[in-house]
Amino acid sequence: MPPVLRFDNVCKQYPGGHVALQDVSFSVDAGEMLFVTGHSGAGKSTLLKLIHLSERPNRGAVLFGERNLLKVRGGRVALHRREVGVVFQDHRLLADRSVHDNIALPLVLRGMRRGDAARRVRSVLERLGLGARGNALPGELSAGEQQRVGIARAVVAEPRLLVADEPTGNLDPTLAAEIMDLFASLPEQGTSVLVASHDLGLVKRMKKRVLVLDHGQLADDIAPEDLADE
Amino acid sequence: MPPVLRFDNVCKQYPGGHVALQDVSFSVDAGEMLFVTGHSGAGKSTLLKLIHLSERPNRGAVLFGERNLLKVRGGRVALHRREVGVVFQDHRLLADRSVHDNIALPLVLRGMRRGDAARRVRSVLERLGLGARGNALPGELSAGEQQRVGIARAVVAEPRLLVADEPTGNLDPTLAAEIMDLFASLPEQGTSVLVASHDLGLVKRMKKRVLVLDHGQLADDIAPEDLADE
Amino acid sequence: MNEPIARAKVPARSRPGAWLDHHAYSVVASLGRLLRRPWSTALTVGVMAVALALPLGLWLVLANVERFAGDVQASRQLSIFLKQDTADARAAELAAELGRRADIGGVEHRSPAQGLEELRERSGLDEAIDMLGENPLPHVLIVTPAGDEALLADSLRTLPEAELVQHDAGWRQRLDGWLRFGGRVAWVLAALLGLGALLVVGNTVRLDIQSRREELGVLQLLGASDGFIRRPFLYLGAWYGLAAGALALGLLAVAGAALRLPLADLAASYGSGFALQGFTPRQALAVVAGATVLGWLGAGAVTGHFLRQTRPTET
Amino acid sequence: MNEPIARAKVPARSRPGAWLDHHAYSVVASLGRLLRRPWSTALTVGVMAVALALPLGLWLVLANVERFAGDVQASRQLSIFLKQDTADARAAELAAELGRRADIGGVEHRSPAQGLEELRERSGLDEAIDMLGENPLPHVLIVTPAGDEALLADSLRTLPEAELVQHDAGWRQRLDGWLRFGGRVAWVLAALLGLGALLVVGNTVRLDIQSRREELGVLQLLGASDGFIRRPFLYLGAWYGLAAGALALGLLAVAGAALRLPLADLAASYGSGFALQGFTPRQALAVVAGATVLGWLGAGAVTGHFLRQTRPTET
């Protein structure tokens, strides 16, 4: 099976001149789950943004399956984004739609019938411990609850790839562990998972492959079996 | 010396009917640093919001020094807020002003001369490892950098009380520890510090008093010396 | 917490019905958004309605003036001054003869006495005219042409009894001056007002979009197509236009009511039964439909601009 | 990472100079904000300018019409028709006598020949009049009153040579009808346009604030006073108003230029040298100042509304 995702010598320099990624290469197999860690400003979010086309690399190639993301332009950007579920570091919920409608969005965008979508949204809400908050507006939730809504929205449509940027930054350790278990169960459904996180304790506990970024460079690519040695 | 802050049987119920705080009582001495922890949705942010008057309690009293916050209305709300430094869980930076101008805001609001303010802002930026990013816009920073800007803005004017809501949620462990050290140094200058955080590891390491919220109730009030026993 | 999420399979692409669903949803949702903020909606619709009402009102005024001028034009007549020595009986006979001609719509015979009376009124020299010893005026036949005016005038000039066939040239020149002036004023105003209406519609939708920039950005990140993002705004613009068009008609009706009385007075002083005419139901419908389309197009243009702007990845 | 932060002591309250500083800062910052978004600024200013130009233009038109009517009014004259048997020499003598009276501004003597000429022109009955055997018209003295018109008329009626002293009542009635109608139209339009200008200013600033809601909320949370938050918007509104006022004057100047020619033609056909008059420099200044104040007030009202709305803690 070809890799789901491949970075080939990717460089990203922001307009201001700041180099956020330098010669980054790696690949992610179908059904794999892995972490990206690194200090604040190391380039984790930038790496994820290249995958869902919020940013474009200055050099190198990003391949999603057979698809070269450099060549995805215009209307096909939207189609690509529907295949990638994203948990944003700053949640990005629609303030004037209910929790339920926020989570249903990816399904609506894919043209799912309202009834089917509602049933699926309710099941995800239950699973994330938000069953009672479906009709609330995002502004009426605690930060951790908002983060979980963002996670629900990213997973609800069973994307080919899930990229999650610091998905547990606002969650207490128990909830964080539960979310990680949820992510770890996604590969069974055929979803590959890429999680950026600072929470080294959590990362180590999960025993998955870890990419370590340092000032934009890929400093380490640790296999699960080597993790205990670190 | 009277306490800087006192909660007396405070109850907070949101308009939707959700009870976020129930009969919470505690007091904070001048020059004290303490933590508030609890699960996601326990009411930590709500508690902090009552202190800087983003919300009002339904019952009970919040006292800031001699001042009963129930009686602070109209134009005096702004004056009160200038005495409390706040790190918001969602940063709340002004998107169209530079990092430097964001941090200078509390000083400008207090009528400090631009030159004095600029010098002070630069010193804080250095201290938080953002020396090179003063002219960037918040949107050009990583999430952790934004969080540090929020912290800089909260401490720059040496408020009587600093309330920080999950100030290390987007920071790597090394940075988080540095920020905590910074907070721990503030009481020497006469600033009391109240930090809401999920990061139990960090909280334990700091050896400070800890308030534990559970579904809006004050479940525990742990003195530093008892912390090791937990 | 460990049941599987999946139930219904998520389709890769939209099913055909989804497109229609989203249109229906957008119609209702955009209306809901307007009604949830009644004051700001009223403000926006008010601005648009005034901008629409002004050019429309101007158009109505011009249409009425033209109709009025048309009346006057149609009743423009030829005067045949008969030779001084024409007998009263012959004049009446000639009037009857001419009345039977196909190229003549009607003939009015004005005797010298009647002519003097009219002159008295038109010139305002009543008592001066009373001092005239004898009536110096000839018989006049006032002919309403049925066909071409100039041809008829030529043919009438060949009548042996005709001393003179006359058009009222000075009067015509003066009316033409006023109409030219009115037309120029109308164009200047229409240009200003058309510009105003355009600016208002565009600006309103632009600011509306600007205050929802973030929401649109999120939708784009989730993979919403341009059409999906644009749709609610198109309907929003259409609703604005619809409401503004209807309100503009209402404003014009009120303005018309306020003008009816003084205009009737004025018309009466000219001995005319002229009455202000508003829009026909068909025209009113066209106005509302036009305003709706205008709102839709304005929203489309501005949303398109936004969509082009927020594609930073297209470098 | 462990040097102390403190250097200059932070004052508890603003020093007095800070207030002035912030005003100066707001003036510049708000201008900068406008210039950084030139297109949207142009759009907003354009809308406001059109809304201002229309009532101002109307005002100008009315002022000009009034001035024109005033001209006509002032030249309204009394006609003294002398008795048929008055000799030419006596008529001329009487004209000279009257010309010396204090209550008479001027006297024009029109002989029967001249009168016939005029009648010819006014009635358009040229050739019919040529057929008159002899001139039946009397001498006419056309008197321009220097004081009260009615009193003078009474005194002139006592002249032994006067057959008749006459006002042109029908003509006056007709002009009054037009002026009444014009006044009514003007009021209806001014009401519509005033409403429009108000709505545009309010709506523009409202939407501007709405798109910066979040920013204002953050400032409030940091302890900014209402004045501090309102200030940049007040100056923003003032800048909008200033630019819109200037642009409105420009639009009116262009409109005036477009109307100058046809209006001169029209005036010439009445034998008048009447020319359109624009604003005096003082009036132009007042317009711009007024627009600036309007922008300031509109911004103040809307910002005040926002500030009241976002104090959820005031329950």
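Should a chain be cited, it is by its letter among A, B, C and D, assigned in written order, with residues numbered from 1 in that chain.
The rule we apply is simple: contacts are C-beta pairs under 8 Å (C-beta built on N, C-alpha and C of every residue); 3 or more make two chains touch, one makes a residue touch a chain.
Just so it is clear, the structure is predicted and the values come from calculations on it, not from any experiment.
**Student:** Give me the chains shared as neighbours by chain A and chain B.
**Tutor:** Output, common partners of chain A and chain B: nil, no chain qualifies.
**Student:** Could you find the chain whose CA centre sits the greatest distance from that of chain A?
**Tutor:** Most distant chain from chain A: D.
**Student:** When the C-alpha atoms of chain C and chain D are each averaged to a single point, how far apart are the two points in Å?
**Tutor:** Chain C and chain D have C-alpha centres separated by 25 Å.
**Student:** When the centre of a chain is set as the mean of its C-alpha atoms, what distance in Å lies between chain A and chain D?
**Tutor:** Their C-alpha centroids are separated by 65 Å.
**Student:** Round to the nearest whole Å and give the separation of the Cα centres of chain A and chain C.
**Tutor:** 59
**Student:** Which residues of chain D are in contact with two or more other chains?
**Tutor:** Residues: none.
**Student:** Of all residues in chain A, which are in touch with two or more distinct other chains?
**Tutor:** none
**Student:** Connecting every touching chain pair, does the picture come out as line, ring, star, complete or other?
**Tutor:** ring
**Student:** Write out all the pairs of touching chains, ordered by chain label.
**Tutor:** Touch list across chains, by label: A-B, A-C, B-D, C-D.
**Student:** For a test of understanding, state which residues of chain D touch chain B in their complex under the given definition.
**Tutor:** Residues 1-8, 10-15, 17-19, 21-22, 215, 217-226, 228, 311-315 of chain D touch chain B in their complex.
**Student:** Can you list the residues on chain B that touch chain D in the complex?
**Tutor:** Interface residues on the chain B side: 52-56, 73-75, 77-82, 86, 88, 92-96, 105-112, 114, 116, 119-120, 123-124, 127, 129, 153, 155-158, 178, 181-182, 185, 189.
**Student:** Going by the contact rule set out above, which residues of chain B touch chain A in the complex?
**Tutor:** 14, 16, 18, 37-41, 44-45, 89-90, 136, 140-145, 148, 165-166, 169-175, 198, 200-201
**Student:** Give the list of chain D residues in touch with chain C in this complex.
**Tutor:** 40, 43-44, 46-47, 50-51, 53-54, 57, 81, 84, 119, 121-125, 127-128, 131-133, 136-138, 140, 163-164, 166, 168-171, 173-174, 177-178, 180-181, 184-185, 187-189, 192-193, 195-196, 199-200, 202-204, 206-208, 210-211, 213, 251, 255, 258-259, 262-263, 265-266, 269
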